[in-house]
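Here the structure is laid out as structure tokens; the discussion comes afterwards.
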Amino acid sequence: MKVVVSIGGSVLAPDLGSERVRAHADVIEDLAAEGCTVGTVVGGGGVAREYIASARDLGANEIELDDIGIDVTRLNARLLIAALSEQAAPSPPEDYESAGAAMHRGDIAVMGGVTPGQTTDAVSAALAEYTNADLLVYATSVPGVFSDDPNETDDAQKYDELTANELVDVIAGLEMNAGSSAPVDLLAAKLIERSGVRTIVLDGTDPERIADAVRYGEHEGTDVLP
Amino acid sequence: MKVVVSIGGSVLAPDLGSERVRAHADVIEDLAAEGCTVGTVVGGGGVAREYIASARDLGANEIELDDIGIDVTRLNARLLIAALSEQAAPSPPEDYESAGAAMHRGDIAVMGGVTPGQTTDAVSAALAEYTNADLLVYATSVPGVFSDDPNETDDAQKYDELTANELVDVIAGLEMNAGSSAPVDLLAAKLIERSGVRTIVLDGTDPERIADAVRYGEHEGTDVLP
Amino acid sequence: MKVVVSIGGSVLAPDLGSERVRAHADVIEDLAAEGCTVGTVVGGGGVAREYIASARDLGANEIELDDIGIDVTRLNARLLIAALSEQAAPSPPEDYESAGAAMHRGDIAVMGGVTPGQTTDAVSAALAEYTNADLLVYATSVPGVFSDDPNETDDAQKYDELTANELVDVIAGLEMNAGSSAPVDLLAAKLIERSGVRTIVLDGTDPERIADAVRYGEHEGTDVLP
Amino acid sequence: MKVVVSIGGSVLAPDLGSERVRAHADVIEDLAAEGCTVGTVVGGGGVAREYIASARDLGANEIELDDIGIDVTRLNARLLIAALSEQAAPSPPEDYESAGAAMHRGDIAVMGGVTPGQTTDAVSAALAEYTNADLLVYATSVPGVFSDDPNETDDAQKYDELTANELVDVIAGLEMNAGSSAPVDLLAAKLIERSGVRTIVLDGTDPERIADAVRYGEHEGTDVLP
Amino acid sequence: MKVVVSIGGSVLAPDLGSERVRAHADVIEDLAAEGCTVGTVVGGGGVAREYIASARDLGANEIELDDIGIDVTRLNARLLIAALSEQAAPSPPEDYESAGAAMHRGDIAVMGGVTPGQTTDAVSAALAEYTNADLLVYATSVPGVFSDDPNETDDAQKYDELTANELVDVIAGLEMNAGSSAPVDLLAAKLIERSGVRTIVLDGTDPERIADAVRYGEHEGTDVLP
Amino acid sequence: MKVVVSIGGSVLAPDLGSERVRAHADVIEDLAAEGCTVGTVVGGGGVAREYIASARDLGANEIELDDIGIDVTRLNARLLIAALSEQAAPSPPEDYESAGAAMHRGDIAVMGGVTPGQTTDAVSAALAEYTNADLLVYATSVPGVFSDDPNETDDAQKYDELTANELVDVIAGLEMNAGSSAPVDLLAAKLIERSGVRTIVLDGTDPERIADAVRYGEHEGTDVLP
């Protein structure tokens, strides 16, 4: 089985401590040991937000801010690589071909961002598409895809299952109303739609949930079916 | 004045002939001679469609098709560079920093695509954002932004003016209903919205229209205001 | 057995359709499955000629035209890679070391051109030399090496066998009299001479002829012996 | 006058806020406006220490930790670049040739680290050597070179002036006794010695001190004479 | 005036001493000071021959030997760059675009070889073609183009003037009979023919001869007219 | 067992002949055949000294001289690669990640220098650190670490065994008194100290001594214990 795991920056390293990173690395190593081909994409989290806020104050434009965010995602990727050690490609691949080549060789690829104007949500979907992955898991800080922002609206409802088409509609609606509170962004949703890769969005703060979703398809998040 | 001109592949080179390329180059040279700093982004057009159709038949996935499309956009960029000669950076910049550096030196930058999952529409908006351009012109094969696909719906109405927010809504609506018939895609619209760059969408088959839009703000397309 | 197969652009994709590409890919996969280490080099064909004609009209110099031709050969290489899928290195190697490294890993390398001033004929010979190949096959649109241009001269005679020295003399004579109608160019002939790689020039429009030449040494083209 | 300014990470961005960065950028812009050719090298500071501590916990070896530190120095360089805007090369040069080329063009170069096993202290000295700078200023968090660690030893004495030879001896002594508390490391001291570039070590928390040292040679730090 | 000067390795640095390099640098600086745009290409000479002989003994194939030769040409280029100092691009450009960009900026470009299978003779012709140079000068160790190898044949006659077509014929004849004793190789001759760049082949051991040829068209070598 | 072997340039190729290179290659191949993972780092030797002397005459600064030295180390690395043939990565890795990746794949990595301001002594120690090597062997032209320069002082004593701490002190002392006559430089000693890699310094002119040291820990040089 070939799986791409997208780990949000604040899920992986909420405080730059090593515990969460180690726990996620353990799960990824277990999956690899069980025969999975694994690619991972890591987000920026709090450090990215701090650097970006400071650079925005200093007059950076949005593309420059994206570049700074990408650099932080690659730093976070290096933390996960450190924990994975010999099993991971030694530095974060900067494009899909390098990541795919690493996975083809049997290494675990750990990417960060790729280019301005694209989040790591979209990078994850593109990597899954490029490598013809069987499954794409988004390990986020919310427990799935909701009809509305659950932090702001009491009656926001979690979807247990969506088609990729429906996902695009839901995310488009969320982005139009509620800013960027969606667990995956619209470009990612569209890539999921065009690639037809099965996708799960779940709360990844406990990485065992990722393992269960990959191994048994069991999870309490949202299933996105092609 | 700093301007980014996005030229669709079928606008620039509908048949790989040199006439249209020369006509667009003439306009861009004139603008540069009048003191404009100019960046251009060129699309893929018919050759891209043919290669992509063939590669899809052969089993390429969508990211691989994007890579093929990007290669064709860079070939088309080389045609425009040939016509611009000494005034253009000698090869198509492959990222925003190189393009920005070329424009900073006083050269005309001619880019194609940058990365899979992103059209040249989005690249144009990102280049305008990165270089803090004063104006972004989309020279497309339709005369502006419409409420619906004008080729399919008789009562589709052209917008003379839109805010960037409205543009995002219109494009999102079009993409959901009518496939990819929108003159710019949604990611581009969102980049336009966040950057606040003034944007004009017009029929670019006659390149003099681009010149008039840049020089006098006169055109029969759609004005997108920040 | 290690073999380098050079496939002319008009042999591989006379019309950008997928059938010929698929047929060639099938043969190459068969050879790889039988234990051959395979490198391929793909030419530019009709698309290259169209782009080059247009760019020449626009004022490009010969080196710029070579660069455009190289880009098209790499696009054609991507078509063959798409058809070969997992067995091929995922993008066209741009130098001999990368191609050799891919073949060393057991992947099929699919190159296009390398540098201005050198055709894919010469690239094929250089790749064969660099990888110490046992055999180099030129799959061209003519059935072998002739004493004269068979399209222009009725009594042009096909050579069944030549030494590499004789090949250089024949090609030098052809180039001096008859333009570029030789099936391989002079630089390629000289590389074949210095490397001592056994070489076969044959009509590759039916790719089974390549397979027979590699498997059994049987073909109706020209054998070039060290 | 050509000057290289080395700014410690905790001097530039003790807390990732933008104020210090802006203040340093203002001074560097003033110097450039007065005709100086300026190269800067930025350190890693607190963020680097946090990432490195976490990666060490996770099992990274020292070279991998150096790589992480280098990535953070380049992030910090991007903050300074954001504040300098158009006057700075748009991304941190990753080797001396690129930095020198930027300075040669009249841009301000802002580097971070270059390679594992080398601190930004040494990078600063190497950049000064490579560009034949007239002056190298280390803006550190201590007010100069001391005979001993001033934080640990009451009678540590600050040197007002040292030869480069003496600097090497002092730093060698400090490193052997007191860990890495020296304001510049030994490799940097040796590069200063071999290049013969005049060097000033001063407390850079108030960047005006850098300006005074460059403009008038006035400072309360340590002067290292060739 | 734009001129490309090709300097043979044994002309530039017969013994790795600095005198000849300095003398050539002085001439090139003078030409640049007089307003010429200058590109130079440097050969490998004796050091290349020694390394290649040793590597051939060790079993390197011809492409690997070419790679070693290229590395030595770049080392020799660094010597000339050292002598030219600030006026030269700081490292040898490795392709024509970088060299052309350096010359476009007003720097002197100093190249070595580019790719296996191509001598620096051919690189020089390609650089002249790419940059649309007005003149190409080959500073060799023989005083021009001869009808035969002057070291082996008493009645070898020097040509004062040749068309580019004739040059190709003469070189082709020489290569067929007398090994590689021709002052420029056949690929170079063909590039000269197709580009139509005026070319002079002369004895460059005294670099003043290069200066006279560029300034006044006066020389005792061979003039190759388009 | 994973071992890094550092071979001085004058040890490997005192006169650019092939015999010494072949002898060293034979030993390295034997070690690889016995199951060792081997990385090697090659120095510059006499050719480097000649080029550097000439470039210094011509006005190159120390960083430019370092760059020239690095180029020569890579040429020497190509000689060793030629002798190792298929078992070695085909070109000298230019950073630690590439070298480590080659060793991870089972290839023998042959590096030269990496960056100015760092000798191949330091590169060797960094490669050993990066790859978590079990052993680092310096094959030098002196038989070990001495208390003083044995060529200048009669009573210089060879150390049979040192801790890494002691090594740093001894080398620091030597560098301060006696120029660069130490068999490894101070930066290398510090990297050895921080990495804790067991290190042997021995006379490598007879490469069998390297083999004995790796196989049995038997040698007449100096043992550096973590």
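So that you can tell them apart, the chains are marked A, B, C, D, E and F in the order they are listed, and the count of residues begins at 1 in each.
The rule is short, and it goes like this: a contact is a pair of C-beta atoms (placed from the backbone, for glycine too) under 8 Å apart; a residue touches a chain by one contact, two chains touch by 3 or more.
Remember, it's a predicted structure, so these values are computed and weren't measured experimentally.
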item	value
Other chains in touch with both subunit D and subunit E	B, F
Path length in steps (a step moves to a chain that is touched) from subunit B to subunit E	1
Angle of the C-alpha superposing rotation, subunit A to subunit D, to the nearest 5 degrees	180
Selected interface, B-D versus D-F, where C-beta contact pairs are more numerous	D-F
Numbering shared by both copies at the subunit C-subunit B contact, with half separating same from different	same
Centroid spacing, where centroids are CA-atom means, of subunit A and subunit F in whole angstrom	43
Approximate Å spacing (C-alpha centroids) for the pair subunit C, subunit D	54
Of all residues in subunit C, the ones touching two or more other chains	64, 91, 105
Pairwise touch network: line, ring, star, complete, or other	other
Touching chain combinations (by label order)	A-B, A-C, A-D, A-F, B-C, B-D, B-E, C-E, C-F, D-E, D-F, E-F
Residues on subunit C engaged by subunit F in the complex (per definition of touch)	97, 100-101, 104-105
Residues of subunit F that touch subunit D when the two form their complex	61-64, 95-96, 114-118, 122, 125-126, 129-130, 132, 168-169, 172, 176, 186-187, 191, 194-195
Subunit A to subunit D touching residues, read off their complex	13, 16-18, 21-22, 25, 47, 50-51, 54-55, 57-60, 64, 67-68, 71-72, 74-75, 78-79, 81-83, 85, 91
In the complex, subunit D residues that touch subunit B	86, 89-91, 105
